[in-house]
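Each of the next two complexes has chain A plus one other chain: chain B in the first, chain C in the second.
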Partner chain A sequence: MTQLMNENGIRCDGRRIDQIRNVSIKVGVLKNADGSAYIEFGKNKILAGVFGPRDVHPKHMADQDSGILRCRYHMSPFSVTERKNPAPSRREIEISKVIKEALQPAVILKDFPRTVVDVFIEILQADGGSRCAALDAASVALVDAGIPMRDMVSACAAGKVADKIVLDVNDEEDKEGQADMPVAYMPNLGKVTLMQLDGILTPDEYKKCLETAIGGCKQVYEIQKKALMEKYFKNGEA
Partner chain B sequence: MMETVKRKYVIPGDVIITGPYRLEQNVYQDGERIISTSIGISEIYENAVRVIPLSGIYIPKTNDLIIGKVIGHSSLSWEFDINSCFIGFLPAQDVFGRDYSPTKDELKARLDKGDLVAARVANFDRSRDPLLTIQDRDLGKIESGELIEIAPSKIPRLIGKRGSMIQTIEMATKAIVTIGQNGLIVVSCEDPVGLLKAIEAVKMVDAQAHTPNLTERVKSMLGVELGENNDTINE
Partner chain C sequence: MTSSVIIEQLKREKILELLSQGKRIDGRELHDQRSLSIESGVIPKANGSARVRLGDTEVVTGVKIQPDKPFPDLGDKGILICTAEILPLADPKAEPGPPGEEVIELARVVDRGIRETEMLDLKQLVLIKDKSVIGIFVDSSVLNTDGNLFDACSYAAVAAILSCTVPKYEIKDDAPALVEGVTSKPPIKTTPVSVTMARIGDHIIVDPTADEEACMNARITITTNSDGNICALQKGGSDGFTNEQLIKCSEIALSVGTKIRKQLEQLM
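Our next item is the complex of A and B:
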């Protein structure tokens, strides 16, 4: 087993325990999508495209009272070291569902009855915590598409590595560590829209872990905000 | 009145202001806070708050002038692509009159697939698709001109305050610009140079819609003398 943390509290990739990986977001990278975003979250490279509101196909899925949200999370065959079969796996179907449910409280689709908003997420390179990074990109892409939203959704993971609560676990820490907790959060409303936990934590550790993750979400939110400002308000001052 | 309008750049979730204000487009209330739902420019004026969006699709509103493209017809109505998530319907009676008979009249003879039509939204609510009408002055089939597509959210900017922007473009180029609220624009002009200039100006507005002093820059691009500044996002 590799050493995940040295005696000075420095992690295997050189970060402190409360430090997130480098995050950069670009808005509006896909011409054919109504809204899009590209995120680099550490070594994660993820594209998100949003289409709609548009006609629902198949028609029976349409809701007469409101728009619906659909989400597809997909990993490219080349996104991991061993080729991944491009067919949707059990894991991808589940992540698609949790991402959809994490975005659902944020979007307001009441004004678009009988329509659908499609969110497509493509993982180009995976490095642990890809669902959080995917959510961050999807949320920015939704704003770019002009879908009305109650708040942005920012996501970040926390976990327990070498008996310490750390922010933003990477691939290695996820596999070898003791717990992993992805959290999605609406920063202005102060509401959690996604919380999963894989591993065992004591009640105190749980509380600390959730707080740490929310702190990470707030950091990510600032980056999302900056990326949107960059595209839309570059030429002017507020 | 200009001093009373407060502007700010906002993204969804941003708190614009707290207190008792009237809610207009693209905002919602959470307790005391008034929060934006779109990326755009927030405005506070006369106790009302709204956000002018910078992205998004066209949502039909009753009385909007729009430009639609015929995508097909049934025996009773035409269907239009109106650059929205809904399909526009134009009933045959609207064109042929009250004594329209599906056996006698041929819809294709009046409007065929691919035709562009300037129409007004006669009725639209959330329970059915928008109903169009061409029963008004300047409405009906568009015979000639150049079609431009811009973001529907930028149409108010192209029109400008009390039509200042569009008047500037029309006067400088002698072109006739038909603006559909759904983001489709038809420019026609007898002078090819004027036509190109007008198209360029419209595209310039689309690209730089959110920047200050846009009318000034459009004017200088068109070679018009700079007048008073009636275009303000300065704050």
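Our next item is the complex of A and C:
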């Protein structure tokens, strides 16, 4: 078993407990999509493409009063150590659902009745925290597609590793650590739109973990904004 | 608009109007659960079973225990698999066929609550390391739906596990063989209790009915263990929670959970 934290509080990938992995986001990477983004979040490599508002198929899914949001989170067979069966697993179906519900509070689809906005997420390489990184890319891709939004959705996990609350749990820490809490947050509205927890936390650790994760979301938010500015304001000035 | 749509709309308005006065449509307090009845041993052919009625939501869970191969990366642990399904007889909207995302989420949240609290000491269920272990299969079937399937399935699953007996297997000629007439208690470490809450406007209500779920902005399920820790959590629904609301929800989950835990532990 790998040592998750050394005596100086440095984690197995060299980070401090309050440090997120390197994150880079590129906006508008897919020609055919209405909006797209590519994110590298640590070793995660993820593409998000947004299509729509467009006609709904199958038609019975259409809502007469509003547009609908659909989301597919999918892992490429080569994205993990052991080849993953390309058919959607139960885990991927659940993650697709929670990602959709994390984005729904942000998008405003009332003006597009009987249409759908499709968000397709492809995990090309997975590290820990792929659902949060996927959400970060999807949110930026929705902005790039020009979908009206109340706020950005920024996501980051926190967790418990070697008895300490740490920000942004990586793959080893997720597998060997004590708790993992992915969180998505709308930074301007102050609302948590995705939250899950695996692992045992005392009530105090729970509060600290949630606060730490929200802090991470705010850091990611700045990176998302910068990425959008790079595309839409060439000099990086608003 | 069909008449059923009009009734739905009227109910919705009534629920919201009552909530603004701090009341619920069925007369409960905001943090009260519906009446919960738990009956164990309802399926004698199963190694453990329970039937749970949470208001009008009804679930039966059976536990089957049999030897199996361990997961490749977990050779020193027995297998635990929890599933859940909504039977087509449970709801006019339910259909036979492969499970949709809601049912998959239900099964995974029930499984996560039992797994992450480490309810069972799976290390005690190994026959030969890396080769042969005992598998505990916990299958829940929803018989009637009226909201909060998460807690109903979770209580039924926990009750079925608490009341199960583990048959004894011995290795003979390299294969596990049943030892007739010898059973033991399951290796229980803690009693997980899930508490599901809905947020409607600024109100947090415990154990929403189907009508209340139709009005909710967001949902959260929090599972706690016997030591008062928070072990599993799932947010659902198409809106969010503030940080303060999430802390309040954790406190509610702990206090409501304590009462339910007593009721569940009477089955041991």
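The criterion applied here is as follows: the second predicted complex is superposed on the first by the 234 of 238 C-alpha atoms of A that agree within 3 Å, B and C clash if a C-alpha of one lies under 4 Å from a C-alpha of the other, contacts with A are read in each partner's own complex, and residues count from 1 in each chain.
We take it that a contact is a pair of C-beta atoms (placed from the backbone, for glycine too) under 8 Å apart; a residue touches a chain by one contact, two chains touch by 3 or more.
All values reported here derive from a predicted model rather than from experimental measurement.
Colleague: Once the shared chain is lined up, is A:Val98 touching chain B (first), chain C (second), both, or neither of them?
Modeller: second
Colleague: So, A:Asp55: does it touch chain B (first), chain C (second), both, or neither?
Modeller: first
Colleague: Is A:Met186 touching the first partner chain B, the second partner chain C, both, or neither of them?
Modeller: After superposing on A, A:Met186 lies in contact with both chain B and chain C.
Colleague: Could you say whether A:Glu211 touches chain B, chain C, both of them, or neither, answering first, second, both or neither?
Modeller: It touches chain C, and chain B stays clear.
Colleague: I'd like to know which partner A:Phe112 touches here: chain B for first, chain C for second, both or neither.
Modeller: A:Phe112: touches chain B, not chain C.
Colleague: So, does A:Ile200 touch the first partner chain B, the second partner chain C, both, or neither?
Modeller: second
Colleague: Go through the superposed model and pick first if A:Asp171 touches only chain B, second if only chain C, both, or neither.
Modeller: Touch partners of A:Asp171: none, neither chain B nor chain C.
Colleague: Identify the overlap between the chain B-contacting and the chain C-contacting residues of chain A.
Modeller: After superposing on chain A, chain A residues 186, 189 contact both chain B and chain C.
Colleague: What does chain B use to touch chain A in their complex?
Modeller: Spelled out, the residues of chain B in touch with chain A are 8-9, 11-15, 26, 28, 30, 35, 37-39, 53-57, 59, 85-86, 126-127, 153, 208, 210-212, 233, 235.
Colleague: Residues of chain A touching chain B in their complex?
Modeller: Result: residues 34-35, 52-55, 64, 106, 108, 111-113, 115, 143-152, 186-189, 225, 228-229, 232-233, 235-236, 238 of chain A touch chain B.
Colleague: Where on chain A is chain C touching in the complex?
Modeller: Of all residues in chain A, those touching chain C are 90-91, 93-94, 96-98, 101, 104-105, 181, 186, 189-203, 206-207, 210-211, 214.
Colleague: So in the complex, the part of chain C that touches chain A is made up of which residues?
Modeller: Chain C reaches chain A through residues 101-102, 104-105, 107-108, 112, 116-118, 220, 225, 228-243, 246-247, 250-251, 254.
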